[in-house]
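Sharing a structure with you now.
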Amino acid sequence: MAIRALVWNENEHEKTNALVQKLYPKGIHHAVAAAFAGASDITVETATLDQPEHGLSEERLRKTDVLLWWGHKAHGKVDDAIVERVQRRVWEGMGLIVLHSGHFSKIFKRLMGTPCALKWREAGEVERVWVINRNHPIAAGLPEYIEIEHEEMYGEPFTIPEPLETVLISWFEGGEVFRSGVTYQRGAGRIFYFRPGHEAYPTYHNPLVLKVILNATRWAFNPAPAWTAVDDAPNVPHDKAPVPLDVKGPRLHEAGETGFR
Amino acid sequence: MAIRALVWNENEHEKTNALVQKLYPKGIHHAVAAAFAGASDITVETATLDQPEHGLSEERLRKTDVLLWWGHKAHGKVDDAIVERVQRRVWEGMGLIVLHSGHFSKIFKRLMGTPCALKWREAGEVERVWVINRNHPIAAGLPEYIEIEHEEMYGEPFTIPEPLETVLISWFEGGEVFRSGVTYQRGAGRIFYFRPGHEAYPTYHNPLVLKVILNATRWAFNPAPAWTAVDDAPNVPHDKAPVPLDVKGPRLHEAGETGFR
Amino acid sequence: MAIRALVWNENEHEKTNALVQKLYPKGIHHAVAAAFAGASDITVETATLDQPEHGLSEERLRKTDVLLWWGHKAHGKVDDAIVERVQRRVWEGMGLIVLHSGHFSKIFKRLMGTPCALKWREAGEVERVWVINRNHPIAAGLPEYIEIEHEEMYGEPFTIPEPLETVLISWFEGGEVFRSGVTYQRGAGRIFYFRPGHEAYPTYHNPLVLKVILNATRWAFNPAPAWTAVDDAPNVPHDKAPVPLDVKGPRLHEAGETGFR
Amino acid sequence: MAIRALVWNENEHEKTNALVQKLYPKGIHHAVAAAFAGASDITVETATLDQPEHGLSEERLRKTDVLLWWGHKAHGKVDDAIVERVQRRVWEGMGLIVLHSGHFSKIFKRLMGTPCALKWREAGEVERVWVINRNHPIAAGLPEYIEIEHEEMYGEPFTIPEPLETVLISWFEGGEVFRSGVTYQRGAGRIFYFRPGHEAYPTYHNPLVLKVILNATRWAFNPAPAWTAVDDAPNVPHDKAPVPLDVKGPRLHEAGETGFR
């Protein structure tokens, strides 16, 4: 059974900016989706902000194993209810790959609980993405580093939680460093943030960048059934405890009552 | 200069439930604040839900080094704008100690990015809180374990992110286990979740429970000036880079423009 | 290409103790190897202390993807040179599953850098192994907990480094808790410690215990080529740097010299 | 009561190399010890390889709260028995700051369980040490980065375990990056590795480098009494269990017997 990837893109710059149109005539989502060309274990679809429910209906998310997210100027246009829906699916086990300026997306900030802020500079400088955790599946088949001729700089401090694993760290020509590939888990869902991908450069045509995206998608895939009860707070009655008990002392809750939340 | 602690309590059960009134006649907040009696390095105040701005005005939070949070039945009554204000102060460096049923508070869920759900049972059973990270400052001066005669059970899976450090794990008479003391960092703020403290039992009169609260408050204190720029995304112009650069290639942003968010 | 598992057992109690002989007539290694029965993606062999080089020759280790380790009374008989050989293979990418009393094995202590000590009691009490990280591949297909009728108790504090992930926590009838399933990475190798398995009880005939062992073996498998250069400290000459440099200032080392170690 | 710091240096280059002699006429240990000048909460002594027991007798280590370690060409001359002694003191709670080429010291490799290898180049290039965890006590009072005009390059992959916290990351003029400040805990002892400090450059005369060393020493200090039982494996008899038990089923060990190790 194939991994069902869904590439989401706000798809705004592509409509208004000649430079971005030229680099990504079909939209960044299609360039990212090309990462899965030839991968027989993955099927891919795309979704964009302007579709009904941003292309992220309950049913579609239920059929998505790994969601990839690109956004930049339109973070504020993403509906809060849909952000909550995506978050819930991550908790249930859907993988999430957040790309580049997606660091400021509502969904990433909500899953991290931090500002996710950073320094930046758009000067077309060299970025060198170093592999520091060679064993990680996301680094499979990569060379020592990926050199990208022109990229936007993102610099530390990147206000994210301490990652579960730091896989990639970037060097920039202008003198900064950045944790460019970091992993997290939230509920049953795995999350990977991957830095490169400014819309003014052809980064998503770089085969090594696409290889990271392919690897990350395989890594983020959770084959287990959706953990739909992830947010439940079940009461375990005293007589159904692993070691059945008599109730001792006073009680605040009535028997069978649902807990407060 | 003393650590300025602020104990926040929804203070609802205390008004309506005779049992809780008897156990905590001045409110749980005052019982928790008693943890600092005799600690010359800490000053303590209290705040409750029913005060203007829930007792958590901008000014008061600015003068708070460590906030302790107890809530249960009134999580939904806490104003979202005030939750955001508290979150921002945590990012700036304010410590946060989340107590017991506070696992489902808006502020804790927002900082964790997960459901923070768990199993529960109110049967007055024995809880034994084991110290598993003896070196941690939060465990200073504790015995091998704290035995609490009557407590509510909280059972795994507790849907939190993998902690930075697991300090305490509880054993329950009815057969469950629970990560009872876990640490996190969000921005410049340190967070500690501490499990015991059901309002139907005299847990906050237990000297060892209060010792954990005292230790945790000292640990969570960040003496650095508030990191008020924690959410900024400053542009570093090409000619102000650590290694000054010429701009290469195209640009999306105008010089001096603020980035999208 | 199948995962090549190798189950190592000191195989001493089996020769001298009638109880262990009866429970594990072919040795604990064969009971553990039964975890892979029916797993078409895994081939399994066994090795024991009394074989030449403890059954762990250079060649055999080179052909091993995941090593499982059971030892107890004969830790001291394991040759230091072979321990170093195993450690090196872990660094190169071989997975390692350390079972039960293997917490005190030379190889585990060497990879952890800590005492790996714990409390213990042999009273045939109930152990309940709770799954706390449901999403982890090692927990695939497990129920909420594994209940083992008779087991030796291991109690905290377990002096290991803070784990990468805590997957399982045990509850014991006598009142203790223990981190029963924890993960680490050392070099390119993944390590899983799994607590149950005292030789006086039929634990390795429990299908759920064997399922954890099967899952852990799949998880620990690193499909990448062996990282044989993992311990190299290569010099990168100034003119071969990613950004070629002129040498500035004085030098301690001659050009082309090997670094100190 | 003051923190008792002890700066250990192999002190070999200083005897044979004119360049190092000129930079550090009293030895690198005295330059490092100068970090504590004016710190009324810290007393400092030094020790060197050529002293009896390398200056690290049982008694002296017992009176040391934080040990700082500089070694390079003489790692192999350090006696294994003394390495074990130091390791044990770390487990008991002594802090350890490992400096620069100490990454290949016996004590660091033993505590990490990994090769601790890296790339290197001696070209006098610029190193820029970025603070990425601003809240960490080790970063107290630092600017955004420390710029060092001439340093040896250390490059990733640095084969260490995933750190507890990554505090500092370095950028090098020649194009590499390196995790320059990382924390660990082993037993009750805190460990900090700090990269800069090649003996051919005046790095230990840089006030910001000394500030990191001062901060790290305060952070690594554990005020708790030494955990001398850290390596014990105590038996908890069935009738002394937190929940006293009857023995069920067979036993391998005699009552009162010491466990195997």
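Letters A, B, C and D mark the chains as written, and numbering starts fresh at 1 in each.
The definition used in the following text is that a residue touches a chain if its C-beta (ideal position, glycine included) is under 8 Å from a C-beta of that chain, and two chains touch if they have at least 3 such contacts.
Just so you know, these numbers come straight off a predicted model, no measurement behind them.
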Counting C-beta pairs in contact for A-D and for A-B, the higher total belongs to A-B
Going by the average position of its CA atoms, which chain sits the greatest distance from subunit D? A
Averaging only over C-alpha atoms, locate the centres of subunit A and subunit C and give their separation in whole Å. 31
Centroid from C-alpha atoms only, then distance subunit A to subunit B, rounded to Å. What do you get? 27
So, in whole Å, the Cα centroid of subunit A is separated from that of subunit D by 36
Two or more partner chains touched - positions in subunit C: 128, 133-134, 155, 162, 164-165, 171, 175-176, 185, 187, 242
Contacting residues of subunit B [partner subunit D, same complex]: 93, 128, 133-135, 140, 145, 147, 164-165, 171, 185, 187-190, 222-224, 227, 242
Under the stated contact criterion, what part of subunit D meets subunit C in this complex? 13, 17, 19-20, 72-73, 75-76, 87, 91, 101, 104, 110-115, 117-125, 150, 153, 155, 159, 161-162, 164, 173-176, 184-187, 198-201, 230-238, 241-253, 259-261
Per the touch rule, the subunit C residues reaching subunit B in their complex are 128, 130-134, 155-158, 162, 165-166, 169-172, 175-177, 179
